[in-house]
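Dropping the structures in below, format is structure tokens.
Shared chain: chain A. Partners: chain B in the first complex, chain C in the second.
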Partner chain A sequence: MRRVAATDRRARSVSASGLVAVVVGIAACGAWLWAFLATDRVWLVAALLVVAAIAFVLVPRVDAVGAYRDAFARHRRVAVALSALAVLGVGVALYDQPYPLLMLCTVLLFIVPCIGLTIQTGYAGIVNFAGAAFFGTGAYTAAVLASRHVPHLAGIVAGGVVAALVGSLLILPMLRTRGYYAALVTIAFGILFSTFLEVNNALGGPQGLKLPGIDLVGWKFNRDVAVGGERASFYVNYVVLSLALALAAFVFARRVERSWVGLAFDAVRLDETAAAAFGIDIARAKILAFTLGNFLCGIAGAVYSMMQGFIAPNNFTFGESLILVSIVILGGLGNPLGLVPAALVIVVVPQKLQFIQEYRFLLYGVLVILVVLFRPEGLLPRRAREYFAGTLR
Partner chain B sequence: MTFGGLTALDALDLDVAGGEILGLIGPNGSGKTTFFNVLTGLYRPRAGRVEFAGRDITGLAAQKVFRAGIARTFQRSRLCLPLTVFDNLMIGNHVRLQRHLAFNVLRRGALRREFDANVEASRALVATFNRRLATRLFDAASALDMIDRRRVEICRALVSAPRLLLLDEPSAGMTHGETRELMDDLLQVRAARAELTIVIIEHEMNVIERMTERCVVLNYGEKIAEGPFHAVAADPRVQEAYFGQATA
Partner chain C sequence: MDAGVLAQYAFNGLMLGVIYAMVAVGFTLFFGVLDVIQFGHGDVVMAGAFVGLATYLGLGALGIAVPAFAVIVVACAAGFTMALAGAFIARYLVLPLRTAPAFNTLLVTLMLGSVLRELVRLFYPNGSNPQPFPRLLPAAAINLGNFTLRLDSTILLVTGLVTIFVVNLIVRRTRLGLAIRAVAQDSETARVVGIDFERVVLVTFAIGSALAGIAGIVYGLYYNEVNFDIGLLLGVIGFSAAVVGGLGSIYGAILGGFLFAALQTIGSVALPVSSAYNNVFAFAIVIMLITWKPTGLIAEPASERV
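The block that comes next holds the complex of A and B.
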């Protein structure tokens, strides 16, 4: 009896120390993020990147990490909630610095289409090189609807829906092709999309379109926030919305992965013949994954365009699609969590280190090659499916 | 069934009774696996008829054949190696799981109950094969050795409780000892499910001799002999197919 109580107490103390580890870890990441976004000193940016790089190289080699990772797995709801709070905290801490806030929003809004690509490529194995086109579809949908005075919330949702519908045009050729050929279909579509925008005058042609700031049932996003005499940049509004969107997309993707649907996606990606032999409907899985991914791209594109206030065809080119794919590969194919550090590297680093801005595509290319050579599973490799916390044992 | 100009499967009349274990043998390239692929809907035959439990299933898609109750293993392992043993088993059970997105994403409590029930059932099924393997349900399939992978493959085919099990060379790539172990397991499973019909493709004659009551010999896509193993093995046409014509 007493022994049971002792084991119980030990289990609880392990659990408590695990919780402390989770809190400390997330706080450290939050502090790092704050410093990284706030600073414009090149040496500090470089130092922070070195710290992060050392962490990524060393962490997998330390024995204690296994226990630490278990702690995150055991407290995964708490960890997700705390991480969201930490990002919100960073946004609040940067309240009077519009530029870092804009970068934070951009990172969050890039994570959303990348989660879409993770569902498509990482889970179901559908390579999509037209992410920016679906992102752009959402953006243009929001622009057109906003100019017709459709409520913005409806416009944003419509952005996702229209992106998914446009994607359904590709479903037939996607289902009839595999691997490289399916990828080529998306490349062709992506190039077609930006060319179409260039020559289509109804959508502003090469000059693009202007958009109003978001107005969600009276909450005007482009107005600075005044709290007790302090004025916060209006970008704080966008941080809240982008964070909510990214969080929802993240939780959604996680739940999809940790379910029978995610299992069907994996089965289709890994071996279509075996999947068919066990009764899995391959077309259904592919259509579902493709549609979900494009919906996420479209919704993020709608919010992003309204935050920017202006969109043009060259925001949604094949090159931009490659950026999304680079984030997905760098982060770790199939792990939505990896998208966070990857998006920070791809989106923020060229902004912070202005001297590499011109060479950023070169940088992305080199990064992807380095990842493929030395860490093919990405910064945060995908782990085995753990349907529910603690079931992986 | 033809590939280009090659006729891989030609005149094969084959009846399998419910609850029987039938051996399918023949030299390399005689059409055994092609026969399985035609049965399971991976290949569509140019002529002929496949009937299962009184129903015409000729040319049905693989998914529909599986749903009708025919499960198979593959000659070369087709496990999803990065996935866990449990995930692989659930691929085999997928048609019996809730597949709707809304259910899977929103009704996590109900999903949890379905998950728990399936973990229990999987553990019980794997334990009939091997107790030790039942403790490794959440290990990656890639971490298993050859014989355990084969066990998991057979379990994956059994988990949905099919009426007909097609085993394509279960002994491939294994030692004699391992093969014997696997056959013990199979007979044990079989003892618990007497209604299960099994067709085994094998090159390992010990397996055929031990497992089957009747076997069919194929050569160049045609049935050349049929009967109990010893009778078939003594048939001169079978010996010729395997060893070539004796030079006079």
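The block that comes next holds the complex of A and C.
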């Protein structure tokens, strides 16, 4: 009895120190993110990247990390909430700098389709090289509906739904094929989609379409926010919305992964025959994963297009799909958390270091080749499921 | 529409078909020996065209301007360079990933294509704009009503068919081809009977890529223009052709190449909408064909590809 009480006390003290560790860790990441987004000095960007790289190499080598990881696992909800607050804090701290805010939104909105691809490729093993096409489907749906004066919230949801519906055209080919053949189906679809937009006059052709700023039941997103005499850039609105979206997608993906649905996805990815033998309906799992992923792509595309105010076919080409896949691979296939650093590297670094802007596609290509050859598990590898914190060592 | 115009469309379609078939044969060869897709293959075609162009400019700088000689040198240069590149790709990008999931190979070779594309765009002089490709073949033509049979196109068509035929001959009739087919059938057993697996793979990649290099020259001579971004579409079309025909089968690849060209031609001639939709139409049909026959029209016997 006494022993139990002692263990309990120890657990509680570990828990308390763990909570402190979580808070400190997230605060440090938030501060880094703020500095990284706010600066436009090349040397400072380089220094921050070096700091991040050193931290990235050193942190896993430290002994306390196991305990630290447990702390995160134990306080998962607190950690997620604090991270969201930290990002929000970064957004507020940058309130009068539209450009860094736009980048923050872009990163958050790129994470959402990448979470979709994670569900498809990382969990269920369905390759999708048409991410940008589904992103674009959402964007064009939102644009068309907005021009017809449909409420924007409905337009955004419709973006996701239409993307999922368009994706359902590919379900039969996806179910009939595997591996390279399935990849070909999505690649062919991605090219078909951008060619279609290019030659189609009803959707603006190569010139694209203009969109209004989001107006969510009277909350006008494209109006600067005035708080107590200070004017904040209107992008703060978009930070709030895209953060909410990214957070919802993240929590959703984590929930799916931990549920029996996620287990079924993993089984289908690892061995279809064995999964079928265990009574998992393979077709159902694949359809579900594919549709969920495309829905996320579509929603993000709708919000992204309204934030940009303008869309054109060359925003949604095969090259853009490759960028999405690069983020997923760089982050670590199957780990939604890894998407954050990966999206920062892929989206923000070329913007910050203007001299590499011209070479960015070359660098992405080389980067992904090196990652796949030498660190195929990505920056933050996916770890085995932990249903109870600290049970896996 | 009279017979002459139709014949013209048919001939242009054949010309496209032979280029696609040359690319598709490469895909099918690689898939045969190693069960992988080299997705950068289309960009190898593009790189071949640019190597040929650079060789031609080099020859011009040396003062050699005999077209008949130049065209042979240009084709050989493109073929050899791409053969080396192909062996290099196999050795350093594809073989190391043999035991990794197929997705990784796909990704690495896709990115390889993107790297080749960007290298040409950034580092070839004025590479982001289309480059004029010299007319090195005699331009004589016979007019039959609305149908113009150009000598240069005919030479290209025959050249394409002959190179594919030669590759087929190598695979079917030589000792090397026997080794390639052995590895394709069962690489473990091939090794047991003393076939140097890695050498066979490298040579196969060299042959397929040389074919792609020559396809690049054919493309350049036919369109009189090359651009850094032609590879992506060529690669996807070549891969589609190989899959529709049946991966692993050379005849399937040839069939698929001509089939895709036929679809594109039909798409631009017969559809009620603008001819710009021809690729949309062709890819839509390809997706349907794959759904209908996932192993391709000429399926590999006893394959487990789906």
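To be clear about the criterion, the second predicted complex is superposed on the first by the 380 of 393 C-alpha atoms of A that agree within 3 Å, B and C clash if a C-alpha of one lies under 4 Å from a C-alpha of the other, contacts with A are read in each partner's own complex, and residues count from 1 in each chain.
Everything that follows uses one rule, which is that a contact is a pair of C-beta atoms (placed from the backbone, for glycine too) under 8 Å apart; a residue touches a chain by one contact, two chains touch by 3 or more.
The structure presented is a predicted model; accordingly, all values stated were derived computationally and were not measured.
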item: Which of chain B and chain C A:279 touches, first, second, both or neither; value: first
item: Touched partner set for A:256, first chain B, second chain C, both or neither; value: first
item: Partner chain in contact with A:322 - chain B first, chain C second, else both or neither; value: second
item: First, second, both or neither for A:53, with chain B first and chain C second; value: neither
item: Which of chain B and chain C A:264 touches, first, second, both or neither; value: first
item: Greater chain A contact set [chain C / chain B]; value: C
item: Contacts of A:81 with chain B and chain C, given as first, second, both or neither; value: neither
item: Touching both chain B and chain C, residues of chain A; value: none
item: Chain C - residues contacting chain A, complex; value: 31, 37, 93, 96-97, 100, 102-104, 106-108, 110-112, 114-115, 117-119, 122, 232-233, 236, 239-240, 243, 247, 274, 276-277, 279-280, 283-284, 286-288, 290-291, 294, 305-306
item: For the chain A and chain B complex, residues of the former touching the latter; value: 252, 255-256, 259-264, 266-267, 270-271, 273-281, 288, 292, 384-385, 387-388, 391-393
item: Complex interface listing, chain B residues touching chain A; value: 40-42, 61-63, 66-67, 71-72, 74, 78, 80-84, 87, 90-92, 94-95, 97-99, 101, 104-105, 108, 111-112, 115, 119, 138, 140, 156, 160
item: Chain A to chain C touching residues, read off their complex; value: 121, 127, 129, 170, 172-173, 176-181, 183-185, 187-189, 191-192, 195-196, 198-199, 318-319, 322, 325-326, 329, 358-359, 361-362, 364-366, 368-369, 372-373, 376
